[in-house]
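Two complexes are shown next, each including chain A; its partner changes from chain B in the first to chain C in the second.
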Partner chain A sequence: MSAILEVIKDKAGPVIDSLIALTLGFLGGALTIYFSGYDVVKAMSQLYNFSIGNPFVNPYSLTITLTYAGPLMLSGLAFALGVRAGLFNIGIEGQIYMGAFGVVIASSFAGIPAPLEVLAIILVGIGFALMWSAIPAALKVYREVNEVVVTIMLNYIALGVADYTIFKYFPNPSDATKSIVVPAYARIPLLMPNTSLSWNIVISIGVLLVIYYVLWYTVPGYELRVAGTNPNAARYAGINPKRAMFLSFMLGGLLAGIAGIEKVAGLPPSYSVLSTLSNLQGLGFEGITVSLIGGNHPLGIIFAAILIGALHAGARGLNLIGIPKEIVWVFQGIIVISIAIPNLYTLIKRKFVSPGKEVVGK
Partner chain B sequence: MTAIWDPALDLVFMTLRSMVPILLASVGEVVSERSGIVNIGLEGILLLGAFFAVIADVSTGSPWVGVLAGASVGLLIGLIHGVISTKLKGNQIVDTIGVNTFALGVVGFGIFAVWHVWGARTISANLVIQPIYVGGRALSPMVIIAFGIAIFTYWFLFKTSFGAAIRACGEDPDAADVVGINVDLVRIIATTYGALLAGIGGAYLSVDWFSGITKEISAGRGWLSLANVAFSNWNPLLAIGGSLIFAFFDALVLWIGPMPQVNSIIPQEILRTVPYIVTIIALSGVIKKVRPPKALGFPYSRE
Partner chain C sequence: MVEPLVKVADVVKVYPDGTVALRGVSLDIFPNEILGLLGENGAGKTTLMKIVSGLLQPTEGKLYVYGKPVKFSMPAQALKMGIGMVHQNIPLVHNFTGLENILLGYKGIKRDEALERLRDLMSKTGLKVRLDVPVEDLSLGERQRIEILKMLFRGVKILIMDEPTTNLTPVETKDLFRLLKQLAYEGKAVVFISHKIKEVMEITDRVVVLRKGKVVGRLKTKETTPKELASLMVGREVVFSYPPKKEVPNQKDLLVVKDLWVTDDLGRQAVRGISFTLKSGEILGVAGVEGNGQKELVEALTGLRVIDKGKVILMGEEVTGADPGTLSFRGLVHIPEDRKNVGLVLTMSVLENVFLGLHRYPEFLKPGKLINWNKVTEHARKLIKRFEIVVRSLKSPAKSLSGGNQQKLIVARELSKKPSVIIAANPTRGLDVASTQFVRNLLINLRNQGIGILLISSDLDEVLDLSDRVAVMYEGKFTSLKPVKDYTLQEIGLLMGGVNA
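Let's turn to the complex of A and B:
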């Protein structure tokens, strides 16, 4: 019993910090809406109705939220794996582009037997994403090149390469704004008919649980976490931090590949890549927000992805009353800036709740 | 001047025009990183600077007030980032990722909220910084200002005692502390100066170069600036050369835009990726090993 209390006490700080950051984000977003002359109460109710609504009467809004949440869980976890190994892997965005690019190439094989087509989508999609994550991994491990700048550069290169090649060689013959579509028999099936909710969400949660198991119940996962928390201690214990980093990059690439597959093969109605990769852009970057809100923990990430998914679903409602959907980035930006400050709760308590009184930090 | 040189001279002037935001942002970032604080929010500061510059420009009728507004936005973000990275011991990368996201939101939302137009707001010619003419070609005075700022920054970073203090904080904050330098304060000042320059670069984009604001106006230039800092080995003078290289490719894409015969050989989308590829090669140490300031990225606490 006391062990459980210890765990709660241990986890409470970060959870409270996340909640404070969320509160600040929503407050800041609401104030931005208010000071821009919009009806903020109406805006908040739109946000709620279009993301959650009344799921027992009509679950449609909730299915949109979960549709957004599925791939976000994977991009969030991909970033979290980097953090756990002591890396800032900002390259998930580009790896998703490459994964989606692979899915488009595999779609051009349409006509081969269904199981082979599905296999091709999985292998080529994940293969392309892994290829893209192997570059920063190798540069980091063999040449000690800072991964932040390299992964950002790779995102832009992936955008140029994928956008050009897809629309030069795999354009949709009947619609210039998109690529060829994934053949109907190889798509990820819908979970609920007449919604956009596919098995994506189930796949994502499944993958998250597997990674959770790997991180906390296997030796390589343990080594990855130790190497990230304290590389010197890791070395002393015979763990090679470079191997852990490499593993983290490759697992991140794997997750980005699956996210790319979900976005292209599991999301109606397009089942394709749209021009300038507009239906993929931002997913990798938002994974950073998701991971940080979720405390870089697989279970936290499930909730964080649903929250950010809800924000996007709700933004459709804002758009209807003339509020640009970009407002969700204002919420997210403030949340992330707040999360960057450690021990937010202790800080606020010290500054505002009991001025002059020293609060003993943890 | 013979006509044959005209296209080449066009390219030179286009390169100079593209250089300004990259040079300002990277020179600023050099100072910030030299003090030990990394700021990956340059892309966002360019965007915000561009946006608020237009607001100030339109409401006062003076593009120079717009530049001032851009500088102020940069200053404010730099100050916040500086305090988070020092006094609050925050994570420097995380908070500036937040700045980028925040900027995308504010500008995307704000263009519609302020002017009720989708995606872009143009300004009339009299609200744009007036060019000077060199050999019959328009040249923005901001080009000269940017060169001046780069040279001035080199001078104060390497030839003054305050510059030495900045570099000491980035290399060995313990030693800096021992000799009586207020590490946190120096870092906050350096970071604020850096972000302020990026804010000016953002203002240049909207009230000078593009005569207006779009939500994609920064177009990766902040990231290129960040890359240019390492590319120029944390030296403001070398950053001029680096900015010119990055700007050359930026200009080249615009220059060959109307040439279908070139486009069919090297597509624009691919040409656009060249600076990024060059950066990765440069960082990989293939050309020359670069070395970042030792204490870069870590908050300083007295042990």
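Let's turn to the complex of A and C:
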């Protein structure tokens, strides 16, 4: 706990930025609801009741929030690792598709002993995501190809490849809208019976803490952060910035793979991939939101993912009283804009403006 | 008596960071004349002309154009009054053609009409450029000609050229000189900013010598000699006192460099066949005006730049092309010139910056590539105490430190690697007097302990005060290398200006 406090004290600036952005987001969202002619108080209480409610009496609402938050943490952290290494890696979306695709393939092995099936899901799921991440990594490191362009393209390719192959070769015989399901004995178990909350959330938080440790307490993590913050200083200190970038891509792929596994093998009731990958779409991109709100910091990302999860959960409540649930996008949008402007500014400055040489008094 | 086109009266310029670039400079610029503005790095030549061309505003003093007082707030206003400056790094839009660049911001003319006028101008002046090719595909010389053409097209009366020959081939230089002479003959005023004495002697009619923001000489070129100019340019004041240099017994050859060739970022040969030997207990100073390959030499020796040809031998073992990590393990450390962008990660904490480079040293690690932050903290505390570095907390970012303390942090960190050879590039640039004294004393003490120091500095005083031997670097070569006491000041000035004494 003291470690967290220390970090918060250290990072007071970013934390305050995030809090300001959240306040603006909720104010803007409330105004939007008001000007759309709905009852703001009622809407806000629906949002609250369906995302948090009173967890001591009935934790159901909170379980929904946490169910959303689990995979979001991973995709958020995957993006954050890119930023930490000086990359704008938006390929998480496609890597999650590939991870989920791998899980579906592994599910088709059903019948082999349970431990092997579990192993297969983990290995194939993560392997596929890593493979997809290795492409932009190799292009960036060996050919200096811009990772933004490559990852955007690969997202579309992954969508096409996974969607086509899954529904051509692994369709669910009894339901045309989904793939074969993960065998019951190989699923990530539920944390609370009769809810959708599985061990996903525990796995995600665990992974985040591990990555936090790697970044701040190991040499490769230190090298990654130095290289991402100042490549010149990195080279001066004998660090190869490209190695750091490669590591960042690979860790990102690993996290995307785990997110894909959580989405398919750890999320009732479907335990499968839905057609057009509709139950996966957007997770990778929302990771960017989560990462920005969380200050690209593993501990911040835990809170940010829970917040975005809560908005998703609360949105169901809005729908019930006739307010379009899309209104939560307004909340998210304003939060991201207010936080991203200063943040993105530094990122763009670093990426696209080479350090200027102002010659004075020569 | 001809009226001056431009009159600069008692101009003082203080930069926002407190640097005083000009300390009361007065100057007249006449038509039909090439005026040379000569001085070392930081003498204030460029600053002065940036003020005349409207890019900077003077802190004090006045500017008169055609006898009327003016206040420019942007270069466009100066350009309107006929003052144009061709900068050292020419600001053109790279993916625009020459024509597009010339017409950029120039309203009220049709393309064909402009083209015709430009052709006319080119044939009159002998300036040859390709107008229909994107600028990025043109040589630096051609880009410069486009910029000159642009100035002439806009009808400048006063043309300011900032170190115009830096990127030119000898033939291009010759053509440029012919052009400048012709322009002066036609009634324009040309200001020629340079540190090259030879060129100033060759082309100018009158010379104004600047040193440390003051005019130290106004001469007719015909009535002066390179020697006189050199003395004026490098004249020095003694401010510091240093610990005595001790005789170091049993000097060994620490660093041997043989016929080193290095290319710069633009693919030009920046270092052309440099050889030297650095002994233990010696400071070998490299003097020279900046941009003569010093940066590339340092980068090549410290593993940051590819070596095209030649050998580097560190304590008997060849280390040509070794990376910075390997070099520091073998006893060669680097105090970089750019401490903010190379020596430190400004946004990371003091503690993390102490660890930079030391992150390869086993004494700060635990098994499994884990960092022993306790050890690093202990080490950082020791360094801070020993070098009297002022920091608020080990957790505060490095950018919160003053420049002097940042430099002390770097020096302290590099010394904790227990080096035999130190390569120090402009180690006191931008530091206050106390920090400068501290760093210089430290270098001398390290030398007395038997460490070999290669000191590359554009501050001539620094080189002369600290070094045992001095090399002068000019256009990628050491034009001279001998004990500091065998030089006269005038000789160094001439060598720095590219004149072989």
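As a working rule, the second predicted complex is superposed on the first by the 332 of 362 C-alpha atoms of A that agree within 3 Å, B and C clash if a C-alpha of one lies under 4 Å from a C-alpha of the other, contacts with A are read in each partner's own complex, and residues count from 1 in each chain.
As a working rule, a contact is a pair of C-beta atoms (placed from the backbone, for glycine too) under 8 Å apart; a residue touches a chain by one contact, two chains touch by 3 or more.
Please read all numbers here as calculations on a predicted model, not as lab measurements.
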{"item": "Contacts of A:L197 with chain B and chain C, given as first, second, both or neither", "value": "neither"}
{"item": "Partner chain in contact with A:F88 - chain B first, chain C second, else both or neither", "value": "first"}
{"item": "First, second, both or neither for A:V330, with chain B first and chain C second", "value": "first"}
{"item": "Chain C versus chain B, contacts on chain A by residue", "value": "B"}
{"item": "First, second, both or neither for A:Y217, with chain B first and chain C second", "value": "second"}
{"item": "Which superposed partner A:V103 touches (first chain B, second chain C, both, neither)", "value": "neither"}
{"item": "Partner chain(s) touched by A:V148 [first = chain B, second = chain C, both, neither]", "value": "first"}
{"item": "Which of chain B and chain C A:I157 touches, first, second, both or neither", "value": "first"}
{"item": "Chain B versus chain C as contact partner of A:T32, first or second or both or neither", "value": "first"}
{"item": "Chain B and chain C footprints on chain A, overlapping residues", "value": "none"}
{"item": "For the chain B and chain A complex, residues of the former touching the latter", "value": "40, 80, 84, 88-95, 97-114, 215, 220, 223, 226-227, 230, 267, 269-270, 272-273, 276-277, 279-280, 283-285, 292"}
{"item": "Contacting residues of chain C [partner chain A, same complex]", "value": "15, 19, 21, 41-47, 88-89, 162-163, 290, 302-304, 323-326, 328, 334, 336, 338, 341-349, 352, 355-357, 359-360, 365, 368-371, 373, 395"}
{"item": "Touch list for chain A against partner chain C, complex", "value": "6, 10, 217-220, 222-223, 225-226, 229-230, 232-233, 235-239, 355, 357, 359-362"}
{"item": "Residue ranges of chain A in contact with chain B within the complex", "value": "32, 36-38, 88, 90, 135, 139, 143, 145-146, 148-150, 152-154, 156-157, 160-161, 163-164, 168, 285, 288-289, 292, 322-324, 326-342, 347"}
